[in-house]
Every structure is written in C-alpha cells, then in structure tokens.
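The same subunit A turns up in both complexes below, where it pairs with subunit B and then with subunit C.
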Partner chain A sequence: MNARTLRALAPLIAVALALIVPLAVSDRFLLKVFTFCGINALVVVGLALLFGYAGQVSLGHAAFMGLGAYTSAYCTVELGWPWLLGFVAAGVVAALGGLILAIPSLRLKGYYLAMATLGFGLLMSLAFIQAEPITGGVDGFSGIPFPSIGPVEFRSASSLYWLVWGAVGIAVLVAHNITSLRPGRAMRALHGSELGAQACGVDIVGVKVRTFVVSALMAGLAGALYAGVVGFISPSLFTLTASITFIAMTIVGGTSSLAGPILAAVALTLVQYSDALIPGLPRETAQTIQSYQEDIYGLAIVLIVIFAPRGLAGLWKRRSAGNEAS
Partner chain B sequence: MTLLQVRNVTRRFGGLTAVDDVSFDVYEGTVKALIGPNGAGKSTLFNALTGFDRPDEGSVVFEGEELVGRKPREVVRVGLARTFQNTQLFEEMTAGENVMVGSQARQRRGFTTAMLRLPNAVAEDREAREDASRLLRLIGIEEWIDVPAADLPAGIRRLVEIARALATRPRLLLLDEPAAGLNATETRELVQTLFRVRDSGITVVIVEHDMGLVMEVSDEIVVLDRGAKIAEGPPRMIQKDPAVIAAYLGGEVDDDV
Partner chain C sequence: MSEATPLLELASVRAGYGHAEVLHDIDLTVGEGELVAVIGANGAGKSTLLKTIVGLVPVRSGTIAYRGARVATPRPERLVRKGLALVPEGRLLFGPMTVRDNLELGAYGAGRERRAVTTRALARVNELFPVLEERADQPAETLSGGEQQMLAVGRALMSEPRLLLLDEPSLGLAPLVIAEIFSALDELRAQGVTILLVEQDARLALRHADRGSVMRTGRVVLEGPAADLLADESVRTIYLGAWHQEGS
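Right after this comes the complex of A and B.
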C-alpha cells in the first residue's frame, strides 16, 4: 500500500477504531479515560488551529474550558435549562472570552502574546475561585446533570464516550474544512509572514479574531462536556498547569496538522492514567508515573523541539514524502 | 493614460527625511524604474504607495482614488500588488500554496462558508489552485510548485513572490529589487517575465540596482537621491544626466567621465 492511499484511508481507519472502542473495552474506568482523551482532544483541535496553523500562542486555554464548564453547570443546575441549551451557552460564553483575548493578539507577538494569554488564564482561574455565588468557589460545583439531547440521556460510560468523540469528530470536520480552504491558508500565511499576508490582501485582524473565537469555542464546549461527564468541577481543573498541558499536546503534535495534535492529546492524557491502562501495574509505580507527569510533558516538549521541530505531524510528513520520492 | 499619480510625498524618520517631496506619474502599460543609491528612499516610497507606511505629506492617487491612509489589504484590492526587498514568502507553505494566498485579494468567501464546505468556497479554492499553476507556468517555474518555500533557491523565491503578487490580479505591479540574488540566467528569465507581464496589460514599477536590467526594461526612470527626485526621463537621457552621474559617483560632476 503506498503512502497516498494510506493517507487517504487513515482518517477512516481512525474513525472506525474510535467508534468500536466501547464495544471492545468493558472496563468502565478505562472507557472514562478514553472519554477524557476525547475531551482533551477537542481542546487541542481548537488550539491546533490557533497555534499550529495561525501561529498565535495561548497559555490560557484552560480558562476557556473553565468558562464553558461553569456556564453549562450554572445554566443546567441553577437555571434549570435543558443540557443542550447550556452546552450552546457554554460555547457562546467561551467564544466571547476568545473575542476578548483576541484584542491583545492584534498588537502583541511571540513572548508578549504568551504573557498576555498567561495573565488572562491566571485571572480567570482566580475568578473561578472568587465568583463563589456562581462557581461554588474552591469547593467547586457539584450535582451537574448528565448530558441529554431531548429525551436521550447520556448516562452510560459508552454513551458518554460516543457523545464526546462525536463532538470531536464534528470539530475535526469543521477544523479540516477551515484549514483545507481559504481561511486555513490565510492562517498559515499569517504565521509565515504578516507582511506577506497583508500584501496578499489577507485581513489579518479578521483572521486572528476569528481563529481565537473558534479556538475558544471548542475549548468551551469541551469544558461543558467535561462537566456533564464527571458531574463535578472545581477551579483546580482550569489552572495554568492545564493550559500548559494543552499547549504541550499541541506542540508535540506538530504545526499545520490536526491528526498530530489529536494523537498527542490522546497519548499525553493516557500518561495521567497509566494505572487504568496497564492492568496489574503496581499502585506505587502508577503513582510515581503520575507524580512525574509534568516532567514527562516537559521532556516530550524538549525532545520534540530539538529532534522534530514540526512535531509528530512533521515526522509523518517527512516519512511519507520520502516514500513518495522513492 | 495616467494610472498612478504621486504628488509631493514626504516621509520623515525623526530628523531624517527619507522621502522628500517626490512627485511623478506612472502611465498605463509602461514600465517605470525607480533608482538611486542605497538609502535613497526607494523602499520607503514603496511602503508609502502600498499602505504599509503612511507618508507625512503628499498624496497617492490611483485611477482617481486616494490611497494614502488605506490599509495594505485595501490597496491590493484596488489593484496595486507588490513584492519585498527581503522576500516575504510563507516558508512552510509550498510555492503553489504561496501563490494561492495571492488569490485571496479578490476572493470573498470567509470562515463560515469554508467551515460548512459550501460549494462556492470549494469552487473558489479550485480556481485559486488553477490560477497558481497557470501563473507558475507563465513564469516558467511550475516544476517547483510542490516545494516548500523554505527549500527554494534564492532566484526562484523572487519569482514565486512575483507570481503571488500576480495572483492578486493587479493593474499595477511594484517590484522591490526583483533581480537581487539572481544569477545571469535567472536575470534573463526575469526580463522575459517582465515583458510578458507588461504585454498582458499590467503596468510595472520596479526598484532595481542592476542597471543593465533597468535600461533594458524601463520606459521611464525616476532617480532618487537622499529622498529627493533628482531626475526623470527615458533611459537614454538618464544615462547622460549629470546630476545622476554625480549622485552615483558620490561627488561633483567631472566632465571627463
């Protein structure tokens, strides 16, 4: 099988594999781990658009996830809205957050943008603690209902898995449409040279703002899904550490790619749950791995930046280009 | 017919007057060269014409429309495309993709139509793709279409940037030192390309240090020195102009030269 057919078939194989997981995996906790992989993948798809394609860094993406999670929790529990409406509201609120964060991106680049987004993330994580009447403060928000769409309620581990990965599938489709057509080229152009992009008539303000909004929207929806899947959220979930984890997944996954970051999101999420993944792994070993989790992420970034600056996606592209040449 | 009117354009950087009260016209269908020693203000003037910089004084009128104060993206939509002295390619994108971005200047479909993959977004994409391969063929570099810009030789990079500018479908093409970094063969090809561009009805303004090329392609030349226009006219007159010779030699005119 040559590289081209493999590449054309890869998405289909990935979808088929993702769909049959709940049929093959009976362990409910393991299934939940794979569901978390999907939630992180959803955040990372949005971040791949922003960072991997448009070259705009965000060290505050957990804040958007938090905005979505709290919005959905508040709308369903306090306001009694149907879950789907709360889900939409979560997307809207997070997108508005993205619109606000887009403003500094119009003036700042590189490290300065990184600092601005980091500041935004810190500010929001404080807000989640301080806004106690809405968020429940440090104790968090509990009793969030399971997701439901009309009469269909997603209670079982496998139905939650399908819901989350279904959302990932739609996000990937939308992101693929964006990246493969005109906006995606505008994003990559902006990344390559803002002067060159302007000379081509690219509306760089418009592209940056739209990309921030779409990216924040995806993180917000992921947050709402998390709240529904777990039923409990707290400020400790949406911290700087989480934001850095997301950007780590995106960097390891590689630039100008969706598949690479998704793969990295899944792989790096699994590191957190090594005990569920490897049956019979002694508790202490699992705990050791978990306590080194951040070091593992750090190491992954360092290795990628040194040996494969274009990430997993870059390695794959180089290999398939080599195959086509031979 | 006058396509572009430059009137009394002045640009100061602190105490330095980089462009000093420069005026000239560009006629449709001609090639106009802008020459002058290093630091004469040629690139600064280019930036003022294309919206990348705002002149302190003066006006730039293209077909009756004032361009001063417009954004680069608006200027390119009006019909002025440019290249840069330091090529501004999108390094991770292929030559073909670089040229496709140029098509965005005249495309209208945005984020939403692309997200939903509506037929007109797809049609626009196909059009841009066809345009890119046609332009690379026109310039004679179609074999580089799938090569990332970062891997292109210097000469090809300049030509890709010209193709990208042409993809915006300009009426006026402004080239800032297109022959810099080109070898003799590539320069010959560039000259042919310039003639082809002109013959297709596109007016050209070129900044260039290669005098052989300038004399061959241009209908008229404007000479800048320390920001000011010191001469204007057809190549043969400029070659003999004492002020021009003085500027290039950096001293007084010597009758023996």
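Right after this comes the complex of A and C.
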C-alpha cells in the first residue's frame, strides 16, 4: 500500500478503530478511559484550530472547559433543564467567555496573548472556587445526571463512549470544513505572517476572534460531556496544568493538522491511565508513571520541538512525501 | 501623470512609533499609471512611509487620500479591497503553503467575484512569472530568493490592484533576478498598474520610475522626474555614489 492510498484511507481506518473499541474492550474502566481520551480530543480539536492552524496560543482553555462543565451542571441540577439544553448552554457560555476574552486580547501577539489567556485561566480557577453558591466551591459539584437526549439516556460505559466520540466526529467534520475552505486559508496565513495575511486582505482580528470563539465553544462542550460522564466536577480539574496539558497535546500532535493532535490527545491521556491499559501492571508502577505524568508531557514537548517541530502530523507528512518521492 | 486626480495623495503627513516621530510633513502624490520611486539611505523612513499608507503606523497629523477620498483609518485588509496592494519587505510569504495557495490567498479579499478574479489574475501572474506556474505545487519556502520575490509580487497582483506598493523588491537578490523583477514592473506599468516603489538601490529605481522622491531623516528633501534626479549632481553624490566608481 503506497503512502497516498494510506493517507486517503487514514480517516476510514481511524473511524473503524474508534468503532471497534467498545466492541473489543469489555473492561468498563478501560472504556471510560477511552471516553476521557475523546473528551480531551474534543478540547484539542478546538485548540488545533486556534493554535495549530491560526498560531494563537491559549493557556486558558481549561477555563473554557470549566465554564462549560459548570454551566451544564448548574442548568441540569439546579434549574432542572434537560441535559441537551444544558449542553447547548455550556457551549454558548464558553463561546461567550471566549468572545469576551478574545476581543481585547487578540490584538496582542505571541507571549502577550499567552499571558492574557494565562491570566484569564487563573482568574477563572479562582472564580470556580469562590463562586460557591453556583459551583460548590472547593468541594465541587456532585449529583450531575448522565447525559440524555429526549428519552435516550447515556448510562452505560459504551453509550457514553459513543456519545463522546460522536461529538468528536462532528467537531472534526466542522473543523475540517473550516480548515479546508476559505477561513482555513486565512487561519494558516495568519499563522505564517500577520502582516502577510493583512496584505492579502485578511481581517486578522476577525479571524482571530472567530477562531477563538469556536475553539472555546468546543472546550465548553467537552466540559459539559465530562460533567455528564463523571457526574462530579471540581475546580482542581480546570487548572493551568490542564491548560498546559491541552497545549502539550496540540504541540505533540502538530500544527495544521487535526489527526495529529487527536492522536496525541489519545496517547497522552492513556499515559494517565497506564494501569488500565497494561493488564497486570503493578499498582506501584502505575502510580509512579502517573506521578511522572507532567514530566512525560514536558519531555514529549521538548523532544517534539527539537526533532519534529511540526509534530506527529509533520513526521507523517515528511514520511509520506519521502515515500512518494522514492 | 494626471495632476488633477492623483491616485494617492499624502499631505503634511506626520507619523511614527510610540513617542518617536519618524515621518515629518510628508507630501507625496502618485498619479494614475505612474511608477514613483522613493529613494533614500537606510533609516530614511521609506518603509515607514509605506506602512503609514496602509495603516500599520498611525498618522499623527496630515491626510492620506486614495482615489480622491480621504482614508480616515487605513487598515491593510480594507485597502486591498479598494485596489491597493502591498508587497512587504521580506516578502512575508506563507512558507509551508504551496505557491498556488499563496497566490489564491492574494485574491482573498476579492468578494463575490473571487472565483473569476482568481482565474483571471492567476493567468496574468503566470504570464508575468512563468516559473510560478511550474512551481505551483511546491511549498513557497522551497523557492529561491528570486522566485519568492516573484511570488510576493504575484500574490499582490492576485487582488487586481490599481496601486501596487513595493518595499525593497531588490533586497538580497542577484542582478539577473533583479532585472527580471524590474522588467515585470515595467510590464505592469505598461498594463496600467500604478506603482509606488520604495528602494534603496536608487539608480535602479530611478531608471525604471517616472518620478522620484528622495527621503532623508523622515522628510522628502527632493522630488521630481526620475530623469532629472538621475542627472542631479547632489543626488548623484549623496545617493548614487556607486556610479562614480562605475564611471557612469
């Protein structure tokens, strides 16, 4: 099979693998781990648009995820809304948060933008703790119902898996449409050179704001899914560390790609749950791996930046190009 | 030049960065169909002048008028839609993207007629720089310096501009390539495209221009027909010193 055929078949292979998982995995916990992979992948699809395509750094994406998670929890538990309505509200609130942050911040560039989003993330972390009547403070928010759409309730591990990866699939389709059409070109141009993009007639502030909003929306929806899958959320989930983890997944996955970051999101999420992945792995060893989780992420970033600056996607493209040339 | 309706007119423009004023009372006109060269030493304010025209450096006082209408808050993307295109210093191409993608991005602001504009402008660019058609599927970053400059000019032409602003198009290029680029500029002017050229190589710029302006420390100190400037003793001595060495 040559590289071109493999590249054409790659999306089909990925979908087939995603479909096989619930059939092949009988362990409920392991299936939940793959569901978490999907939730992280959803955040990373949005971040791939913002960072990987448009070149805008966000160190505050966990905050958008948190906004979505708390909105969904509050709407379903406190207001008694149907889950789907709470899910939509989560996306809207996160997108609004993205818009409010984007308008003043996106005139900033590089480190300054990273600092502004970092500040936003830290502020929201504190807000999740301080707004106790809404968020439950440090004790968190419990009793969040399982997701449901009309009469269909997603309670089993496999149904939650389908729901989450279904959402990832829709997000990928949306993102693929964005990146392969005119807005995607504008985003890549923006990544290449802001002045160059402006010289082509690209409204760079508009592109940045729109991309930021879409990216925040996806993170918010991922938060709502997390709340529904786990049934409990707390401020410790939506911290700077989580934001950096998402950025790590995007960097390792590679720029101007959706597949690479999704693959990286799955791989780096699995590191957190090595005990579930490797049967018979002693608990102590699993705990040791988990305690070095952030070091593993850091090392992955360093290695990627040095040896493959365009990430896993860049390696794949380089290999494909090499195969085609030979 | 049609004196009555200049395509671009700067009147008493002052501009700068932060507290530092770089341009002082700049008056400049570019008539329809002209090629005007702005020459001067490094740091004279030539690039700042172009950046001010497209809105990247704020105007402190004075006015900029394009096609007879005052441009109150210039922004590059809006000006592109009005027919003004910039070829920035350093080219600022999108390296990993193909030559074709770079060119198509040049027609980004073409509005509803984008498809027709892209087809028409692409044919014109390919005719002007046939090498770009040969390299259409190559990433822009793999082109030679000269080809990259051709792509930068080609990308600007994709919006079918009436006024083309070029910032140091000869910078870092071999003489043969420079000749090719300037021959293309001559052809564009013959097709009716108005060109404002900022160039450190004064002799080269004036040889191709209709008129020229000499800048020094943020002021236009001399202006006139290019042929007169070429013959002007003070210009020859200060800006065209190399001529003496070449005995021209």
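Convention: the second predicted complex is superposed on the first by the 324 of 326 C-alpha atoms of A that agree within 3 Å, B and C clash if a C-alpha of one lies under 4 Å from a C-alpha of the other, contacts with A are read in each partner's own complex, and residues count from 1 in each chain.
In the analysis below, a contact is a pair of C-beta atoms (placed from the backbone, for glycine too) under 8 Å apart; a residue touches a chain by one contact, two chains touch by 3 or more.
Please read all numbers here as calculations on a predicted model, not as lab measurements.
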So, after the overlay on subunit A, do subunit B and subunit C clash or fit? They clash
With both complexes overlaid on chain A, does A:198 touch subunit B (first), subunit C (second), both or neither? both
Q. Who does A:164 touch here: subunit B (first), subunit C (second), both, or neither?
A. neither
Query raised in the report: Is A:210 in contact with subunit B, with subunit C, with both, or with neither (first, second, both, neither)?
Result: first
Notebook entry, point to check: After superposition on the shared chain, which partner residues are touched by A:189: those of subunit B (first), subunit C (second), both, or neither?
Noted result: both
The answer to whether subunit B or subunit C touches more of subunit A is B
Quiz item: Between subunit B (first) and subunit C (second), which, if any, makes contact with A:181: first, second, both or neither?
Solution: first
Going through subunit A, the residues touched by subunit B and also by subunit C turn out to be 182, 185-186, 188-189, 192-193, 195-204, 256
In their shared complex, subunit A is touched by residues of subunit B numbered 50, 52, 71-73, 76-77, 81-84, 88-93, 97, 100-102, 104-107, 109-111, 114-117, 121-122, 124-125, 128, 149, 161, 164-165, 167-168
Within the complex, subunit A is touched by subunit C residues 54, 56, 75-77, 80-81, 85-88, 91-97, 101, 104-106, 108-110, 155-156, 158-159
Subunit B partner, complex, touching residues on subunit A are 174, 177-178, 180-186, 188-189, 191-193, 195-204, 206, 210, 214, 255-256
The answer for subunit A against subunit C in the complex is residues 182, 185-186, 188-189, 192-193, 195-204, 256, 310
